[in-house]
Structures are given as C-alpha cells and as structure tokens.
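Input: structures, listed below.
First subunit A sits with subunit B, and in the next complex the same chain sits with subunit C.
And now, the complex of A and B:
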C-alpha cells in the first residue's frame, strides 16, 4: 500500500480524516476517506467538488490534492498534511501575534483566494477554520466542499452558503445571483477577527446575523447599493447608520488608516463596489510598514 | 499504467483514438450492432430525462461521455445499460452543477421505462443500484474531473461563433448539429471546444457549400488542425452514413429544407483528402495495457488514479533516490 492511515484526526458528515504517510517518499499526508454509508444521494457532492476544484488548482496558498485512491471500495482523497489552522491560532490566547503577522496571513489568504477567482472558482466557505497552516507557515485555503464554478448570468444559485458569521449581506438577503465578492467579504470578516481576536459578526441565528451585521456596519440603502430595497427581506430591517471613521478607529485600535481602508474595501455592502482580490492585493495596506512577516518566522507554537 | 504488488496505478487518458476505442470495446462489447442500437435508445432515454427535469444540454453531454467511457472498461449487458445511464446522469448533474435529488432522477428513469407502479421499495432498490455504479463510472474516467467541467459543446458553439463573427442563424444551426454529435463517439476522441469548431464549420458551409471557412490559427483556440479535422470528418461521415438517424433533418431551420445526404457528400468532396489524428499501430494498440488488460481488482488493495505522467515520473524518481 502506498498510503498508510495512522491516526484518526477528525470526522465529518461525509468523511473521516486520518493522518498517514506516503510510503514511497515518507511524506506526511492527510487521508480523507469518503463514507460510503453517507451515499444517500450517491457520492457526496462535497467530495465531488473537493476533487473537481483541487484538481484544477495548484497554488502555494491552496491545499494540494496529492492523490485519489480506492481501497475496499471506499474513495480516499490524499491531501497535504497541514497541522494547524487560523481558528486554533486566534483562540489560543497564549499565542501572541503582531500586525505584521496578520498582514502576512492576509496576504497569503488573498493570494490563494485570488488564484481561485482567476480560475473562475468561488470558494463559498471561507472562515479561519478553513485557512490551514503548513509547517513552513504558509496559509492554505482548504475545504472546497461548497465551492462552485462562477455561474453563467442566468444561473440561479443557492444563498445558503458560507458559515453564518462570514456571510456577505447579499447572501443574508437571499440573493439568487452573486459573485466572487462573497469570498472577499468573508476575508474582510476574518481580517477583523484577527485584529480583535474574537469573532467580529457572531450572529446567533440567520435572522440575528442580519441584525448583527447591519448594527456593526450600517444598513445599506438604495443610495449606495441601488435596488437593495427590492430584496423581499429588506422592509423588515432595522435601519442603522454606518459607523463613522472615528468609531472604526476606536473599534480597531491597532489598525492604521490604510488597514481601515482595506477593511472597509472588503466590507463594502454593495457587492459591485466591494473590492476584488486584485484591489485588495494592491492596497496601500500591504505597501506600508510593517512588512508582512516571513511565513516561516511567524511564531505560532 | 503500472502495477506494484498490491497497488494499481492508473494514469488518466481522457481521450483515445478511434483505434484505441475499438480495441477497448472489443474486450467488452460482443455485439457492436446491439451496442450501437442500444446507445441510440439510451440517448433518447437520457434526452427525455433531461427534458422532464429541464436539464441543459451540458448535463446530457457529460452523461453520455460517462456512459460511453464505462463501456470501454466494463462488459456491456443490455439489461444493465439503463441503470448505468441513470447513474451517468446522476453523476453528470453533480459534475455540471444541475443538482437534482437521486429520488427524482430515479423515479423519472423508472417511469420512462414504463415500470407500471413505482413503489417506494422498487424506487429504493433501483436507487441503490444506481448509486453503486457511480464509483465505477468515475473509475472509467480515472476520477479526471478536468473533462466536462467548464467546456461544453453547445456553449462553445455560441462563444466561438461569436468570436468568429458568425451570424445568429449559423450559431443556431450549429447548436442543432451539436445534438447529433452526441450520437457519435467523437466526444471520446477530441475535446469539446474542438468539436464546437468543427460543428461551426459544418454549420457555416451547409447553407452554401462554396462559403469559405475563415483562416484560423487553431492554437488560438487551444486546438490543433488534426484534432479539428478528425471531428469535422467524423461528423460528415455520420451524416453521410446515418442521415436517417440525425435530428438535424427534422429540425432544419427555415430556408435550409433542401439539405440532404447529398449536401454532406458534396461537403466531403470539397474538403479533400480525409485526415485526422494519427492512430497508433496495431502492435502498439495490442500491447497497450490500458486497453487490453482485464484487471481482477478484487485482489488489489489500492487503486490509485493520477492525472499527469509528471507526477508518476517524479514519484519514480524519488523512489529511485531512496537508499
């Protein structure tokens, strides 16, 4: 056998994850064994998406699909072994990280997300838990179980995507058409969470998420987001004014003016005005001091 | 393909030449005539499912690719082919993101085959059989999702037609011809965008055989002349040899009613010498393990599927470096 499964490290609805070794090279790997008992509608869509998109993408900041194999009539996906993730780092208060470390993580995340978008792939589930960290400090965008190809203009999509706290306003409104801007919103929320070290928009339910999001960032109006009021849910909304610059400064004490611009660019309500990954990557935030920390030099243990 | 004690390693080969296809089929299809007849019935059957569930053409196209690939590596049995076809459409729905519940697909499949009363028990048993074959279908394509992912014939007929500044009428005619493409095996031979180009050429020439096909640098369209020619002649031959089977004759746009088998014979005559992809020699085909070996996989503990020869080579290199 080329791959060994040495230790069970996780179990989800459709797969069990093991740590193992690729025998011929001695490389540590993670094996995701797709559960055959979960085949209610045949092979799970998440598994299909994971294979489909990871086969397309090869990038330093996207998890690598090393191999696919069948053993005992079970489908196994071999992925690169990534020992940690950003959620663990954020929650572990014994780990101290600097603004330069955050900038480095943001840069790597955006590079990975940009690579997906330029290959016409929407991730649709970006959150700290899905930003894995390699032993060399590189961030890897992972879990493509909800990803999909950028749709044709007429295609109807489900708005029931992205983990609640990281859900863009157009999704909260139940939009049937959306773009890669939903991923950028998620990155914006992750950036805020990294600075605050607590979840920025922690809605307790889907309805509460709408309230939490607009209370923090203001309820959008037709003036800055034309026709937003035509969403069916709009009329039930409590109207909040957007936070002033001073309020943002107070909320994000350590953030520079450029960091706030960058944050506001990603958390713009109108998806058409929201920054795309190129605008994010070219922002002044990445050009000003401090420079992003060298990934291998970020101390996370 | 190479084998190593308890591991089999498969290198994906999403496209094969006609000779290679024939060789693979010869291991699994005893009566080619019966297979072809059944295939036409399956196309009708899958088309009906697509109409009922309002699936786009790309869902049908992917399903037929899966179905035909399956019978390159698995014995053809007439009793099972509708189950395989249903499994192929279930998988293609997932592949091209036109998702439907397996229950819905399976019950329509049973209804179309005139199963008198679809009880929950019958449906459940059928669903189980359909789902069981999904992995076999994926094995037949070596889990290679690069095919049928972004590029579909009908969509590229429109995109490339626009790029080449063809009229809407030409693109519409090409879209009708693109349905007939599914009755051939060309989808197993060359990629979909190349087929779209060939279809456009036929649509461009059909109304007026004297019209000239623009000078195209095929590499601009990520294609090549031989593949294009392979698809072009394959389609002409289909219309010449099986005009009665085509859907074009029944769906001819207004003003083109005069098109007949003779029109295609004329087109072929004007096209000159038939050429296409180079076929391997008989010896090469006979010794090609991918096509000729029936593996007993029951004793194999691990079947691995890789997409590029590069990853195999680098693995071999790293194994050789080991002390």
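And now, the complex of A and C:
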C-alpha cells in the first residue's frame, strides 16, 4: 500500500479524514476516505465535485490532490497535509498577528480564488475553516464539495450554498442566478473577521443573517442595486442606512483608507458592482505599506 | 454622520495601468486548457491514439486467448472435436477495428437513451464522452458495452450537476439499480478520475455572439439562430468521432460552423484575423471590436483554416457499421467471453454439470 492511514483527524457526514504518509517519499499526506455506504445513490455528489474540480486546478494556493485510489469499496482522496487553518488561528487568542500578516493571507486567498474563477469554477463555501495553512505558511483553498462550474446566463441555481455568515446578499434574497461575486463577498467577510478577531456577520438563523448583514452594511435600495426590491423577501426588510466612512473607520480601527476601500469593494451589495478578484488583487491596499508578510515568516504558533 | 470626511467608495478610475514586472505574463486560454485534465489525459496525436487502442486490444486478446485455452483443456474430456473446432473458429477475439465499430454502435445507442431521458445537450455530450473514454482504457472483450451504458449516463448526470436519484433512474431505464451502480467505481477509475469535460457547446455560444458583433448588420438573427441549432446537433455528432482527441473544443466548434455555412465562417475568421472592424465600430461590445493583437496570435489564418477544414472532414465521415457486421462482431465478443454460449448455440452442449463455469461468466446457466 503506497499510503498509510495513521491517525483519524476528522469525520464528516460523507468522509473520514486520516493523517498518513506516502511510503515511497515519506511525505505527510491526508487521506479523505469517502463513505460509500452513506449514500444510496452511488458515489456521493460532494465527492464527485471535489474530484472533478481538484483534478483541474494546480495552484500554489489551492489544496493539492496528490492521488486517488479505491480500497475496499471506498474512494480515497489523497490530499496534501495541511496542519492548520485560518479559523483555528483567528480563535487562538494567544496568537498575535499583524496587518501585514492579514494582507499576506488575503493575497494568497485571492490568488487561489482568482485561479478558480479564471478556470470557471465557483467555490461556494469560502470561510476561515476552509482556508488551510501549509507548513510553509501558504494558504490553500480547500473543500470543493460545493463547487460548481460558472453558470451560463440563464441557468437556474440553488441559493442554498455557502456557510451562513459568509453568504452574499443575493443568496440571502434567494436569487436563482448568481456569479463568482458570491465568493468575493465571502472573502470580504473573512477580511473583516481577520481584522476584528470575531465573526463579522454572525447571524443566528437564516432570517437573522439578513438582519445582521443589513444592519452592519445598510439595506440595499434600487438606487445602488436596480430591481433589488423585486426579490420576494424585500418588502419585509428593515431599512438601514449604510455606515458612513467614519463609522467604518471606528469599526475597523487599524484599517487604512485603502484597506477600507478594498473591504467596501468586496462587500458591495450589488453583485454587478462588487469587485472581482482582479480588481481586488490590483487594489491599492496590496501596494501600500506594509508589504504582505513573507508566508514562511508569519508566526502562527 | 460626517459627510465632509466620507469618501467615495469606488476605486480610482483614473489609476494608471501599474508597471508590470519584467517577467510579467498573463495566462492565455490556451495555457489554461493545457492544464485541464482533458488536455493532459485525453488529447492525442492520431498515432498515439492508435497505439493506445492497439495496446488495449492486444492485452485483452491475449488474456481471452488464455482463458479459452484453459477452458478447452479443463473440459477436454467433455468436448467433442467439433466443439473445440467451433470454439477455435468462432470464439475469435475481435480486432482493434472491430472494437472501434462496436463501441461506436453502442455510443450511438447511448446517445438515443440519453436523449430519450430528455437530458440536457451537455449531459448527453458528457455521457458520450465518458463512454468513449472508458473504451480507450478497456477492451470490449473485458466489459461488454451494453453493461456500462447506463452507468455512464448515471455518472454523467451527477458529474454535470443534473442529479437523478438511482430509484428514479432505475425506474426510467427499467434496469435494476445494482446493475447500474456496480460499475460506477470501475468507470470512475477508467476515466482516470477526470470528470470535467470541456465541450464545444460553450465556444459555440461565444462564436454565435461574436459573429453577430463582427458581422454586425450583415447577418440575420433568425438565420443565426438556425445555424446555432444545427451546429449544436453537429457538435453532438462530432463527439461520437475521434476529432475530440485531436482538436480543442473551439476548433471543433469552428469546424461545425464551417460545415453549416462555409462562406459565413470564413468571412468571420478573415475579419477576425485581418479586418479592421470599421464596420462594427458602432457596436457597444468593446471586446469584439478588438483586432486580435499580433503578439497574442499563436496561430495564423491559413494554419487555422487548414486545421478546422481537416477537422470538418473527419466529422463528416463518422464510423458506419452495417447491422450484419454489428451482429457478427457482437457474437464474437459474446463467444469469447462465454464459450458455453457458443456451444449452446450449436445445440451440442453437454449437460450443465459436465462443464466448468467459464471464469468471466457470472450469469446463471440456462439450459436449452
């Protein structure tokens, strides 16, 4: 057997994850064993999506699919071993990180997400817990179980995607069509969370999420998002005014003006006006001081 | 709320194009395609493809030959001389050419079933693609095409996010669930775990829009709609041929367009390569007005025309097989995988218990 499974490190609804070693090279790896019995319709859809998209993406900031094998009626995905993730780091109050560290994580995350988008792949579940960290400090976008191809203009989609706190307003409205802009929104919420060290928009339920989101960022109107009022849920909304620049400055005390522009670009209500990954990557935020920390020099332990 | 200090949230529009580092290079669509599994695993030169098929066939032929020899030696006592002679004559492993023919017949059948299930064009395309790729890795002597057809459609549906539950799928196709599910892993493995298929359908939509932009005012929208629908059909036909292994999806699309309207397609490409797009200057679509910049050109007009013309000619000549030939090939495949079947057919078969079960035959014995 080329791969050993040494320690069980996690169990989800459709998979068990083990740490192991690639025998021929001694490389540490993670093996995601897909439970075949859990799914009566043959191969699980999440597993299919994960295999399908990871096969196409080779990028420094996307988790590497090392190999796939079948053993005792189970599908096993061999992934690179990634010891930590951004959620762990945000929660561990003993770890101090700097604005330059945050900028570095943002840059790596966006590079990974941009690579997905230019390959016409939407991730649809970006959150700190899915941004894994390699031993050399590189961020790796992981978990493609909800990913899909960028839809054609009239395709009907399910809006029931993305973990609640990171869900873009068009999804909260139950839009039947959306674009890669939903991933950018999630990155914006993650950026805010990195600065605040607490979740930025922690809705307690789907309904509460709408409330929390618009209270923080203002309820969108037809003026800045044409026809937003035609969403069925719109009439029930509480109308909040968007925060002033001064309010944002007070909320994100350490953020520069360029960092705030960058944040607002990603957290723009209207998905058509929201920044895309290229606009994000080319923003002044990444050009001004401080420079992003060299990934291997970020201290996370 | 202080309005005096609030600043516009939009990015600087006048920001100059930043200076690019000396080694700056933007990835092209070609670069991206070369990283796709379709290019890495499923693109070949005609020689490579033939070699691959020869290998698959040779391996299967030798293992079938061995099984047949074992069968004869194990059952020597019970087999008449004529039986042995019939086995040697009729249970002949199929040739590579015959394999291609059998696979193309079943690919056609699969297309019919998929369309009967009202699957979207892309899902039909993926089903055909999966099925044909499976037989670049396996011989019909190892897995009879009829066994894998439904599994292929079932997996293609899931892979294309067009989920049909097994209960419903089994009901619609009138086949037991297990017969569909049991080959799913083997299929996935033979597909080398690569599921994302780039079809020529998406480029068709792109060219459809671009032709209208480039030939603005010179093409009729209704006519273009007809061309579009015909091309969609032609592309599905093309997916049944080997052009999918030799050409990129947009090249196949152009070949299909060439097939439907040679003059229009040629004019469009001429303008694209040599035109100055004055005619289309009132169009609001900026991108289509760009003359392909010389530095971005990876191919010239004549090379492209030659390429898509030869692709077109191959699409026009699909593999055709007569019914008689199909039946003959199918019989050989069945006799090879189960010589008992041949003996039954000859009505000379001794009693059930006297012959050992042929290894690959898992069906219950039926006495004549």
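We take it that the second predicted complex is superposed on the first by the 301 of 301 C-alpha atoms of A that agree within 3 Å, B and C clash if a C-alpha of one lies under 4 Å from a C-alpha of the other, contacts with A are read in each partner's own complex, and residues count from 1 in each chain.
The rule is short, and it goes like this: contacts are C-beta pairs under 8 Å (C-beta built on N, C-alpha and C of every residue); 3 or more make two chains touch, one makes a residue touch a chain.
Treat the numbers as computed from the prediction; the structure is a model and nothing was measured.
Q: On subunit A, do subunit B and subunit C fit together or clash when superposed?
A: In the arrangement built by aligning on subunit A, the partners subunit C and subunit B clash.
Q: Name the contact category of A:58: first (subunit B only), second (subunit C only), both, or neither.
A: In the superposition, A:58 touches subunit C alone.
Q: One more residue to check, A:284. First (subunit B), second (subunit C), both or neither?
A: Only subunit C; A:284 stays clear of subunit B.
Q: Counting only touches as set out at the top, which of subunit B and subunit C does A:264 meet: first, second, both, neither?
A: After superposition on chain A, A:264 lies in contact with subunit C alone.
Q: When the two structures are overlaid on chain A, which partner does A:246 contact: first (subunit B), second (subunit C), both, or neither?
A: second
Q: With both complexes superposed on chain A, which partner does A:24 reach: first (subunit B), second (subunit C), both or neither?
A: first
Q: By the touch definition at the top of the document, which applies to A:148: first (subunit B), second (subunit C), both, or neither?
A: both
Q: Report for A:3: first if it touches subunit B alone, second if subunit C alone, otherwise both or neither.
A: Touch partner of A:3: subunit B, not subunit C.
Q: In the overlaid three-chain picture, which partner chain does A:71 touch, first (subunit B) or second (subunit C), both, or neither?
A: first
Q: Regarding the shared-chain residue A:48, is it in contact with subunit B (first), subunit C (second), both, or neither?
A: both
Q: Going by the contact definition given at the top, which residues of subunit A touch subunit B in one complex and subunit C in the other?
A: On subunit A, the residues that contact subunit B in one structure and subunit C in the other are 40-43, 45, 48, 51-52, 55-56, 68, 70, 73, 75, 148-149.
Q: For subunit C, which residues count as touching subunit A in their complex?
A: Touch list, subunit C to subunit A: 1-3, 5-7, 9, 11-12, 15, 18, 27, 32, 35-37, 154-155, 158-159, 161, 163, 165-166, 180-181, 184-185, 188-189, 193-196, 202, 205.
Q: In the complex of these two chains, what residues of subunit A are touching subunit B?
A: 1-3, 24-25, 39-43, 45, 48, 51-52, 55-56, 67-73, 75, 120, 148-149, 151, 155
Q: Okay, in this complex, where on subunit B does subunit A touch?
A: 4, 6-7, 87, 90-91, 94-95, 97, 99, 101-103, 130-131, 134-135, 138-139, 143-146, 149-150, 301-307, 315, 318-319, 322
Q: So in the complex, which bits of subunit A are touching subunit C?
A: Going by the criterion above, the answer is residues 40-43, 45, 48, 51-53, 55-56, 58, 68, 70, 73, 75, 118-119, 148-149, 152, 244-247, 257, 261, 264-265, 268, 275, 279, 282-284, 287.
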